[in-house]
Every structure is written in C-alpha cells, then in structure tokens.
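Each of the two complexes below includes chain A, the first together with chain B, the second together with chain C.
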Partner chain A sequence: MQSPPVLRGRSRRWRRSPYLRTDYRRELALFPYSGPRLAVIAVTVLLVAAYPFLADAYWLGVINLAVIAAIGALGLQIVTGMAGQLSLGHAAFLAVGGFFAAGLYLHLGLPLWIAGPAAMLAGATVGAIAGLPALRIRGFYLGITTLAVQYVIIAIGLKYQGYLQTSFGTSGSLSLPIPDLGLFTLTSTMDWYYFLVVLTGVVILAVTNLKRSALGRSLLAVRQRELAAEALGVNVARVKITAFALSGALGGLAGALSAYYYRGVGIEDFDLLLSVEYLAMIIVGGLGSILGAVLGAVFVIATPLLVGQLIAVLGLEGVLSQHLRAIELAVFALTMIGFLLFEPDGLAGVWQRLKTYVTRWPFKYTAMSTQAKR
Partner chain B sequence: MTQTTVSSVRPYEGRLDNATKSRLAELPIGRAIRERAALTPGDVVVREQQFGIYAEHTWAQYSHDVETFACGLLRLGIRPGDSVAIMGDPSYLWMVADAAIISIGAISFGIYTTCSTEEIAHQLNTAGAVAMIAENQEYVDKLQALGDQSPTVRHVVVDDTRALFGYNDPRILPAAQLLTPEEPYTTTERAHVGELAARASADDVALLVFTSGTTGQSKAAMITHRNFMVGGALQMCRVFPEITGPDPRPVICHLSLAHAFERIVCLYSPILTAMVVHIGEDVEDLATTMVQSQPYFFHAVPRIWQKMASQAVTNIDRSSPVKRWAYRRAMAVARRERAARWDGKTPSLGLRAAYRLARICVFVPLLRKFGLGHTEIGLTAGTHTPEEVQRMWQYWGLNLINGLGMTEVGFVAFQRGHYPVPGAVGQRVPDLEVRIADDGELQYRGAGVFHGYLGEPERTAEAFTADGWFCSGDIGTVEVGGDIVLRDRKKDIMITAGGKNITPSLVENAIKGSPYISECVLFADGHKYPTALIEIDLDAVTEWAESRSLEFTGFTSLTQLPQVVSLIDSEVQRLNEQLARVEQVKKFRILPKELDPEEGDTTPTRKIRRGHFERMFQHLIEDMYADERQEAQQLQ
Partner chain C sequence: MIPTLEVDKVRITFGGITAVDDVSFDLSGQELVALIGPNGAGKTALLNSISGIYRPSSGEVRLEGRSLNGVPVHKIATGGVGRAFQHAELFAGLTVVDNLMVGRHRQLKGSLLSMAVRVGPYLRREVAQRAVVEEVIDFFELEQVRNRPVSSLPFGVQKLVGVARALCMEPRVLLLDEPSSGLTRQEKEDFARFMLRIRHDRGLPMLWVEHDMQMVMDLAERIVVLDHGVKIADGAPDAVAENPAVRTAYLGVDDTEMTRAGSPG
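After this line comes the complex of A and B, so read on.
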C-alpha cells in the first residue's frame, strides 16, 4: 500500500490539558495556575519593585499612604464587601490601633513589632464588640450603631488625650520614634515602601485565602441571604462577629502603621469623613473584591493629590489656592457618583470586564454546546 | 468500580510497531486486549470523569477488570454464543462489559438509550439476549416496561444502583457484585476466561450492531472480531498513522456505543494505537469534556460539527464591533488562502503570512473555546456532512476530514492529507476492494465486510452478490485518483411530475448548510416542484430572536414568529442559489415541534423515518401542495 501523507502538525507532542483534573488538589488551589495569570503577577511584582526608582519621594509617600489605607480597606471589605454588614465606623478601629500602638510606646516603650500585633488584637476586640448589634439589626440601622461606636471611641480618645495633658504635660504627647523592627529600622520613605508592600502582600494572601475557606464562603452566604445561609448550617451569629473582629484587626493594623508613619497620632484625624473615605474605597474598588480594595485605596488617596498637582501644573495655584480643598472634594464626590451610576462593580468590575473581553475573544461569551446531541 | 490512579507523569511506553499492530488486529478482541495490556501495562487507556475529576485506568487495570467482569458473567451462567445487551451512555463499565462479553465468546450488542420500548423489545428478542447490562435505573425501567415481552432476559446487571430502591425484580443485581464478589474468583475461573478468549477465532461473530432502520424494522448486523479490528481499527491506523503515537492521543467517547462508528473508534482502535479515551461526566455536556480533555483526534457526526459551527457564527454575530470586524477580516483571508490550497496551488507568501496572522489572532482563540486548540484531526462520519460545514472548520484551521463508513463494511473511505477539498468522500481504505456494478452500485469486498443479518437469511442474501461482494445500495463512481464519488442511494431518487430526477440528500444537505436549519426533509416525488419541511436549530434561532428582542415562549411559538419565517425564507433563498432550477425548494414549512427519537420521529441516530414522518406532518405537506390540488380539481 502507498504510505499515507503524514500531517505537518502544529504540535505533534502531547501536552496535557491544564483543565484535566485527576485529583481535587488543583480545585482548591489558592491561585489556580494559568499562563496569563502568572504573567500578570510577574509584571505586577516587577512594577511594584521598580516603582521607587521611577517615582519621586512625594509620589512614593503617596503610595505608602495608599498602601496603608489598602490594609484598612481590606478590613472593611471583609465586613461590608464580603459579609454584607454595613460599617460606618471603620475609622474607630484605626483610632484604636493608632492609640494602642502609641500608648504602648509611651507607657511601656514597646516597639512596633510588638505594638502592631497588639493593635490588631485590640482592634479585633473592639470590632467584636462593635459587631454585637449586627446580631439583631441589619442595614442602615446597623450602620447607625457602628457610627455610634465611632463616637464612643472618639470620646474615649479625647478623654485619654486630656488625661495625658493633665498628668504628663507636654511630655505626654503621642509622638512615636523611627520604627524599629528588630532586624532593621524604617528610616527612609523607600524603607517604608518595601516594608508596606510586603506586608500588604501578606495581608492580600491572607484575605484571598479567607475568601476561599469555609469561613469566607460563609461570609458570602450571609451577604446573599441570611436565612438561606442559616439553613445551610452557617452559624450566622459567629460569622458576623468574626467578620467584625477581622475587620477590626486589619483596621487596627492600618491605624498602628499610620501612627508610626506619621510619627504621631491625634484623635481629630479619625473623624466621620475618614470612615466615609474607607467606604468610598471599597465602593470605587468594587464591593467584595480584594483587588478592588487595593485599587480603591490607591484611587481615593491619590485622586485629591493628583488634582492638586494638576492645578499646580496648570499654573492655577494662585487663582484656586483658596478653594483647593473644595475642588478636591468636588472631584472626589463626582467620581463617587460616577462610579455608583455607571460602574457599580467598581474598578475591579472594569478589570473583570477587560479580562472577559480578552479571554472570550472572538466571542461575546464562551461558546458552549450543551445539547449537541440527540 | 475499582480504580487505580497511576501518576500521569510516568513515561509513556510509546507506539507499537506496524508488525505488532497488524498482529493484534488479526487476534480476537479478547486476546488482543490481553496482549496489548501485556505490552504497555502502565499506559493510561481510559479517563472517566466522576464528581469533577478524571479517574485514570491503565491497560493493566482495564484488562484485569475485563477478566473479573468476565468471571462474573460466567458465574451468572452466560456461555459462549449467548448474547448480552448493554444499554447506557458511554462509560468505563460499558467498555469493560463489552470486552468481557466478547472475551468469553458471547455476543455483545448495544441498545440506543433513545430507543422506543417497541424497538428495545425487537432488539432483545432478535438477539435472544440472556442478560442486559444497564447503566442505571432509567434503563431498568425501560426493560420492566416491556413486561413479558422480553422472555429471554434472565439477568439485569446495573452499574449505578442509587435509584434502585423498592425494586424487587429477582433479575436485578449490581455490577459491583460482579467486579468484587463476596466469594473471590478462583484462579481456575480466571484461567477459564483466558482459555475462552484464546479459543475464539477472529472470524467468529463477536457483536451485533443494529442498523438504523429508516425503512421498516432494524436489522441486526453480525460483526466478527476481524470486521471491526481489521476493517475498522486497523484501517484508521493506516490512514492516520499519527494516532498511533508516539505520544498519548486523547479522544472523547461521546457518541452512542451502540453505533459502529463509536465502537470502532473508542473501543477497538485504542488496542492498536496511542489513543486515550476520555469520558466526561455527562454526554450532554460535551463542550466541557472537550475543553477539559483537549482531544488530539476528535470524531463526531456531522450534526455536532454543524451545531458547533453555527454556535460560533451566531456568537460572533452578537459580539462587539471590533471582534466582528476582526473575524470578518480573518475570514476574508482564510477564504482566499484555503481556496488556493483546494485548487492545488500554493498560496503566495503574503497570503500565507496573512493567514497565519488570522489564525493567531482569531481562529486559534476560537478553536480553543471548543477545546479543539490541539486537535490535529477532526473526523466527521456517520452520514453526509454539508460541504458548508466542512469548509467552515477548514477556514478556521481545523483539519476536518470526511470519512465514509457502513456498519456492514467498517470504514470504506477517508479523505487524506491536510485540509482536503470539502465535500468529497475521499479514497477507499487500503484493505478494501471496491467495484462498480452494472447499475452503478458500489460493491465492496474485504476484511470489514460483515457476516450477515441475524435471523434474516433472505435479506442477507439480498445484500450480497453471488460472488460474495457486498451491495452497498449507493450509486457512485471511482475517479482516476481513487476518489470515491457518491451519487445517490439506489432507492432514494425522486421524480417530479415534470419527470426530473432529484437527489433529495443533495438538496437537503445544501439547505442544511444554514446555521439556523438543523433538519430538512424534501418532498418532490410526483409533484410539480420540490418542497421541504424544515426544523429550525433551536439554539441558533433562539439567539437570533433574543438579539432582536423578539418575544416567544418556546419552540412552537418561536417557529411561528413572522420574523423567524422570513429569516428561514431568506436562508432558503440564499442556499437555493447553489442548486439547479428544478432542485430549488419552492415552498417550505417550519416544523412546529422538535424532532425526538424517543417519540419515534427519527431513528435513534436522528435519521428521518420517511413513512412515519410523512404521516405525521401530512397536513403541512398538503398545505404546500394546495395549489396543485386546486388545479387538479379545476381540471376535473
């Protein structure tokens, strides 16, 4: 017989399909492997590592603030984004963390690496207490009670500051030294940058892990429908308190970090506006999304400063300097309204849509032949 | 089911040489499986998905399970020459059961899951089945519905017994009982299976395949070991040497194993090749299985190829302007490049480069969505493939090859090489002789030609010439290059009132080139002009209607939308242009219901039963020829 023509194959070697699973390990992977995903992660890591060499000290400082805020925003994301419990008092947790860290230094001389975890514990405790009303009430009513918690904390903070002044005088100021982490100190902005970026990376991993765990799934179930979650065997009360505690812990950490970053802390900084800004971060970023919390934090922190810079660049400083704060707030407000109107899924939603557009190319949605037979 | 999970990183033991392949093909199936298992015990042969993950079965495991199951069958009192039915969707147990039945010299046959009750009774009684292997309770119910119409069936072995509570039929027993009996099989019992497998001759009848029966009752074709091993599997190896390795070649088992095509490809070809059979969680969810297993070789009936192509086209129609533009540009390049190749020319360098770019940008992502990104060979067989469909896949860079086969002959012909010209039948397989009778009928002789129809000596005699050639019933010619050209089925030609001969399959296939039309049945015999009944493609037309915000509630309401009627009308007009004037469909009606084999509208393989069909939709046909009747009345 004549030998048949051999195909000039594209890939004559067999490549195992990445979707062919012979055990459940891959299904549980924290970051399911895929080429594009690895590439995106690699590029992100490279950009993050290179950023200090590309940006000046001012913008490096801006990102530092944004990254601290991102940790706090991730905390709020857990309770409001994932568990669906409205929290209007997130600034309270930051205040607790900041004051706890500063107090530990003032009274006991404890450094950041002890004060940080301690602030998280304190934040978690306050968070758990603040979460108690959530067992009985929902929605806006819960929002009001969390607001109350914030005012209680502010009142306590004022009393404490008053106490310091009467007992210690000027030596009782809540200022902090250059943080000493045992192995190294955070002297320059760049030191801070790498420290914060690594720490945020750890927090992101932890929250990502939380999201796929039983607890994370319970949080989402509670958000979707409490009754259904309960019917599925979720202990709603425990889940809500845990969510508030975790939120408080991350808030506390962010508070402690910002206290050390500013080398001081004052209760006036933790007003209602800060709570609203945190809420804005997760809404602009995208409710429930981890990436969204980070993007939202960067957006909310950087936008007003960008507006300021823009005005400076345009040479309008002289004319507008008096109204600078008002303009910043207006821009902020307009973007918020814009997001709520046009992109309720936030920046994470935009990213998701972009991804979908590319991965489904050239289709609108993935072609599926479900009933190809019969 | 016992399973071993052998790590897949294990080195693959490689291809079999040609001599080994030929030797294995000449063996009876039971022995061939044992010998293959001895040659490559650690290679994976089947992956079956259960609860999301694929359980891997090696050749050693497969052969062992076959032996165990065979011991169980012997204990049930099944003896060489008995016949056993298998009913269910493809599964590892189906494969094991089939091989086990054949190993002990019994005769295996599959029953389509979509068969009507009468058809099941007919098949069980024709074969005189003593036992039935059922996938699950659904098929037990079908058997029980027969009551005492199936007197020969003594045992019903059920794989999935989860829904089998409250059944007190003494014939029922779980398959697990055969695979892991309370009293383990002795070495003597196991040795006996080996003896029976060795004692069989390759020319014994191994299995029955019921032909679809578009006209009248289905017939049981008796198939010998050699018919499918040499006439089927070995011919595939010869035509597609790539499937023999050296690497594992994933294939998907998704068609009915009662059909000759799937049996040859997924049950017997792996014995000679490097094919690894993948069985998904659910045959209905073929798309997922395709993406997960990424077949090297994907075979399907034309209907599936057509369905997928029409999904792709309608999906792109609805996507964003940029995507549509990219697709249109890519298609423009593809049309020119492929047209040059089909003409036997080499496209210019620029055109080749442009096509390569089009592939990277548009077609590869498209194929990947179907899990066909790594598919080197796409095979379409079973019935005629609309030329339009084959052309489409080739534009997209999928090497879709047309195959011709018959239950009674095994594989008859394949197209060869890379991107063959769409629509042609191809060249005969190496080990088959073809001749043309005086009336133009194609006749075949070779290893694949079957043994006869069980219990029907007259019809068997009709099927063979005096000198032993099989009469296919197809009218055709063999061209100089060896290409077989099919003209028509012998009995199928229609003659219009004007005396013109019309080949219905030709017209029907042309009309089925539309993504919105899934079935077309032509009427012309004795009428002035051809008309057609058309079944719309539910998915494609639903998409089309949804994208235009049309309101409908279900299939029937969809068919009655005036917009849908005009859509089908414009499609028919467009496709009519390919046809000669006398062949053009002048009128059509859309079928108000989906055709369903379980209601007897079609055969289990979705072929139209004309007689039944005409009775059922008589009012529609009469409506189309109303003017003819009026004329006739006026004349009177």
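After this line comes the complex of A and C, so read on.
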C-alpha cells in the first residue's frame, strides 16, 4: 500500500505536522520543530546580538567576564555536575591555561589562536592527572586531592614567576598583547564580546552534543551508579579520566581567554576562592545542567558588581565603601545557601518550571514531568 | 560442546565469612536455570563473582571456555554477561530510553570530536542503536514510559527496565537477580511471559535468582539450590523438590507450599 501523500516528498517537509516523526534522526534532533521553541531561540539570538548596543561599556565588560567564566563553568559541570566527581581545584586548570598562553607568548611569541588550543591541551593533561585519584577514592576525599593539585599548581606558578623575575627582570606577573586571531584582532570590548559569544556558543553546542551521546550517558550513569554502569560495559576509569580531561581543557581555555582579556596573568588570582566561585556557579545554575552552568556563571560574576552598583546608585558609597567586599561576600553566601536549601535544581530548574507553567497555561497542575529535562 | 557459562569450584570469602563455598555448575544452550536459596545463602554474591564485581578467592568462572579471572568488570559485560540487579540499579535522572542506550554502549564507540560534532558515522550509529533500543522497548511493552525519567516509575516497571537494559547488551548469558521481587501477582505473570519470550526469541541461557517457588516450579528447567554458600541440590524441579536437604533448608515448609523462605530480600 502507498503511504499517504503527506508522508512522501521532500517538498512537503516544512508543512508536515511537527508531532509526526517518521524516523529516529528527527526524534534525536537537537531543535525539534516547535513554534514557541523557535521563537525563544530567535529572541535569544536577537538579544545576544543587540546587547552591546543596549548596555554600556561597563556591563558589556561584565558579560564578557561572565561568558569566559561560563566556559570554565561548563568544564566543572562536566566533571562534577555530570560525572559526579567532586573537583575543588578547578582554578588550577584556569591557572594552567592562563600561564600556558602567557608563557607561549613570552618565550615563543605564539599568538592566541595557537595558544588557545595549546592551553586546552595542557589543561586536559593536567586534568587527566588530577583525575587519577578518582579511580581509587570518591566524594569528599577526592575533593581534597583536587585541592592539593591546585596548591601544587600554585607552587609551580610561584616558582615560575620567581624565575622570570630573576632572569627577565619582569614584575612577576606576565603581560600579554592585544590578541591576534590570525584573521582579526580583538581590540575593543565589543570585538571581545562577539568573539566570546560565538566561541561560547560553539562550546555550548559541543558540550550539549557530548551530553546526549554515549559519553554523556556514561557520565551520568557513573554519577548515579558506578557499579551498574561498569556491569553494563562502561569503562568507568576511562570515563572519569575523560571527564577530568574535558574539565581541564575547558578550564584551560577559560584561563587563556581571561589572561588575554586582562592582558596579563598572575598566580595570585588563582586562589581557593576562585575554585569555590566556580563550584557556586554550577550549584546556583543547577548541577548537571548546561544552561545552568551558563546562567550560574552570569549570576556569580554579575551579582557582586550589581550589589556594588546598587550601593553607588543609592549614594551609600561613603558609608559602606569599607565594607563593600564583605557585603558582596555576604550576598554571595546567602544566595548560595538559599539555592542549596530551596532550589536544588538551580536557575535551570527555575527556568524549567517557568517553561512548564507557560506551556501548560491555563492549566495549573504540575504533573510529574513526562519529558526529561534537556 | 563447551558450556556457555561454567562456575568452577568458586569460593567467595569476606574476612572470616565464606559467602560461597566451592560451588560448581554450568549453563548452556537456552537453559532457564533457577538459583534459589534462603536469604543470605550467597546467591547475589555468586552472581557478583560471575560479573567480576567480587573476585573468587579460589576457583574460576569461564565464559565460553575462557576464564574470567582477572578480567575487568566492563570487559566481562561487553564479553557477553548481561546482568539485571536485585534492586534495579537504574540510572536515576536518565529516561528509560537513555538507560537502555547505556546498554548499547559497546556499539556506540566514537571519538570525542565525532560525539561533539555529531555528524556522519557517529550520528548514524546513534540512530541505528536507538532503533535497536526501540525494539527492546516494544518487546517489554514500555512504549508508554520511554521518555519518562526512570525515577518517576513504579518499582515494578523499574525492575522490568533493569531486565530490558541487560537484554540491550545482547548478552551470551543473562543473570537475573530476583527480577520479580516486589512485583504484584499480575506483574509477575507478565514477567513470566517476558522470560519465556526472551528464551524463545533470543535463545540464550539464563541464570535466574528467584524466591517465588511457584514461578520457579512453573518456569525453570533446572534448579540450583544454595544454602549457607553451599550447593545442596542441582537438577530438574521435581527432583529438587523431593530432595530432603532442600526441604530441611526451607525448614518447616513442605514441598507443595515451598513458596517463600524468609522475607522478601
């Protein structure tokens, strides 16, 4: 029997019902056709593209920093959020990336477009090594060993800076030029913005694809039930090392980018607090969620600055200026506790609920989600 | 002919306790072998030693003639030992489909780059394996829940997903650890039907740990009985039911009513 005409012919492709899927390729599509979804994507793209014209230079800079942090946070999300391996030393990978990029420039004159991938490779290597203890220990103890890795990296960084001081007579921290990407240079904040947004878009897409591939499923499987995963043929050791390597690679990339963004890098910037801030990003954003890592990065970077601006707007600078850092930290700590207590799914969970509310409206029931979160 | 699975004088000890004591038996063809015994008899420990999760302190397990001693757990799994766990052990947070896709892990090899870009051969592989998983979903009548996170499913369905996941591995031998415990009578009957269909469609030997003696008597072709880690009987259901040692192990329960010794575990 012939199939009905609707099912045949490429020309009708765009007029088919969005709900009628005739093969698994369509079922597995990242952006299955849906009016509201397309609208959300279009609005997002438009807003992102128009942002530099809507915000002033200060807030453009803030978003640049947040977007760089988002790349690093995605790295931590892979290892801690998805694979469930606690990493307390994420700043180590950023340090490795930053110093690798700066060192490659200082010693070999290599530009960012070579130093970036090289920093990722270096980060991945350090990540894989930092992940080795995960084969034997887990949880809190693993966290402590990753913290130890960070202190080792800091010690090496200090030695390296000391060496530079004595043999090059530099000021200790390394400086970098305006980045040269081969085809163009990143001169203004706006150049940076568009470059970073596109790069982060690519990273998000890559991580999203990884998450819905065999590797992503085994990451989540290892986080949930390591033994069952192993008994299903997942090489758990390899998965853990891969997760740490990916985390190191993205951390390294973020480190290299921020080194170039600040036009310099110093080991003092990579303290324990930075690692904690990255952990905060994925917790506030929602553990395991890609959207969450991005939202969390924006939140953690922007909130203290927002508090600072608020104080300035209220004219309280005179009174509070000495306590500014303390206030920022207090706001940071309170939001962390708030999320841990009241919204374990983080900002991504809030978004999911908002979406459910809108799509179900005017019905109010919050049925058990029939679709898994993407 | 070499049996598919040989358990050869396997002994498992934990500190001073001997959980499994010199147990030997083998499985071949499309046998459905029930492994029974009171709580704590060492049934799960024995399955774990076949999966490689516990290492026998002496003796060995052979799969199609090859020793599994020292083989890593994941290699034993990809080598053909499919396992469904006593407590389902599903990956909470993943959907039914994704849980089953983990069972197809072996067929979804690819470089990081190919997975990140997701075009070409890797995408084709993913689509092809998805189709295989859908067949298993059909087989177990899980269509209604395929996109539900497994943690939102009732326990009975979770157990079924656990068996389906093991079958997705296309194993040479299937180890089922109390697949029907916690199921209602109705669900158990459905499950019995699935077991017979697995055997009919796949023709693979199954080692089936079960407490429900009625099901065992109805379905099993052979019964292996463990008590305190020792194999006390091995044979056809009728012969085993007549065995005095077995009756003593299931103390105070006569063979017509040998339904359950101990509480559901």
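The rule is simple: the second predicted complex is superposed on the first by the 341 of 374 C-alpha atoms of A that agree within 3 Å, B and C clash if a C-alpha of one lies under 4 Å from a C-alpha of the other, contacts with A are read in each partner's own complex, and residues count from 1 in each chain.
FYI, a contact is a pair of C-beta atoms (placed from the backbone, for glycine too) under 8 Å apart; a residue touches a chain by one contact, two chains touch by 3 or more.
The model shown is predicted, which means the values in this text are computed figures rather than measured ones.
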Contacts of A:361 with chain B and chain C, given as first, second, both or neither: first
Which of chain B and chain C A:20 touches, first, second, both or neither: first
First (chain B), second (chain C), both or neither touched by A:348: neither
Which of chain B and chain C A:66 touches, first, second, both or neither: neither
Touched partner set for A:257, first chain B, second chain C, both or neither: neither
Touched partner set for A:230, first chain B, second chain C, both or neither: second
Doubly contacted chain A residues - partners chain C and chain B: 23-24, 27, 368-372
Residues of chain A defined as touching chain B within the complex: 1, 4-17, 19-24, 27, 357, 360-374
In the complex with chain C, residue positions of chain A that touch it: 23-25, 27-28, 206-207, 209-210, 213-218, 220-221, 224-225, 227-236, 242, 246, 288, 368-372
Interfacial residue positions of chain C with respect to chain A in the complex: 51, 53, 72-74, 77-78, 83, 85, 89-95, 98, 101-103, 105-106, 108-110, 112, 115-118, 122-123, 126-127, 130-131, 134, 147-149, 152, 165-166, 169
Chain B residues within the chain A interface of the complex: 5, 8, 47, 52-56, 114, 238-242, 247-250, 254-255, 283-288, 291-294, 296, 303-304, 307-308, 311-312, 315-316, 318-320, 323, 326-327, 362, 365-366, 369-371, 374, 376-377, 399, 416-418, 430, 538-539, 597, 606
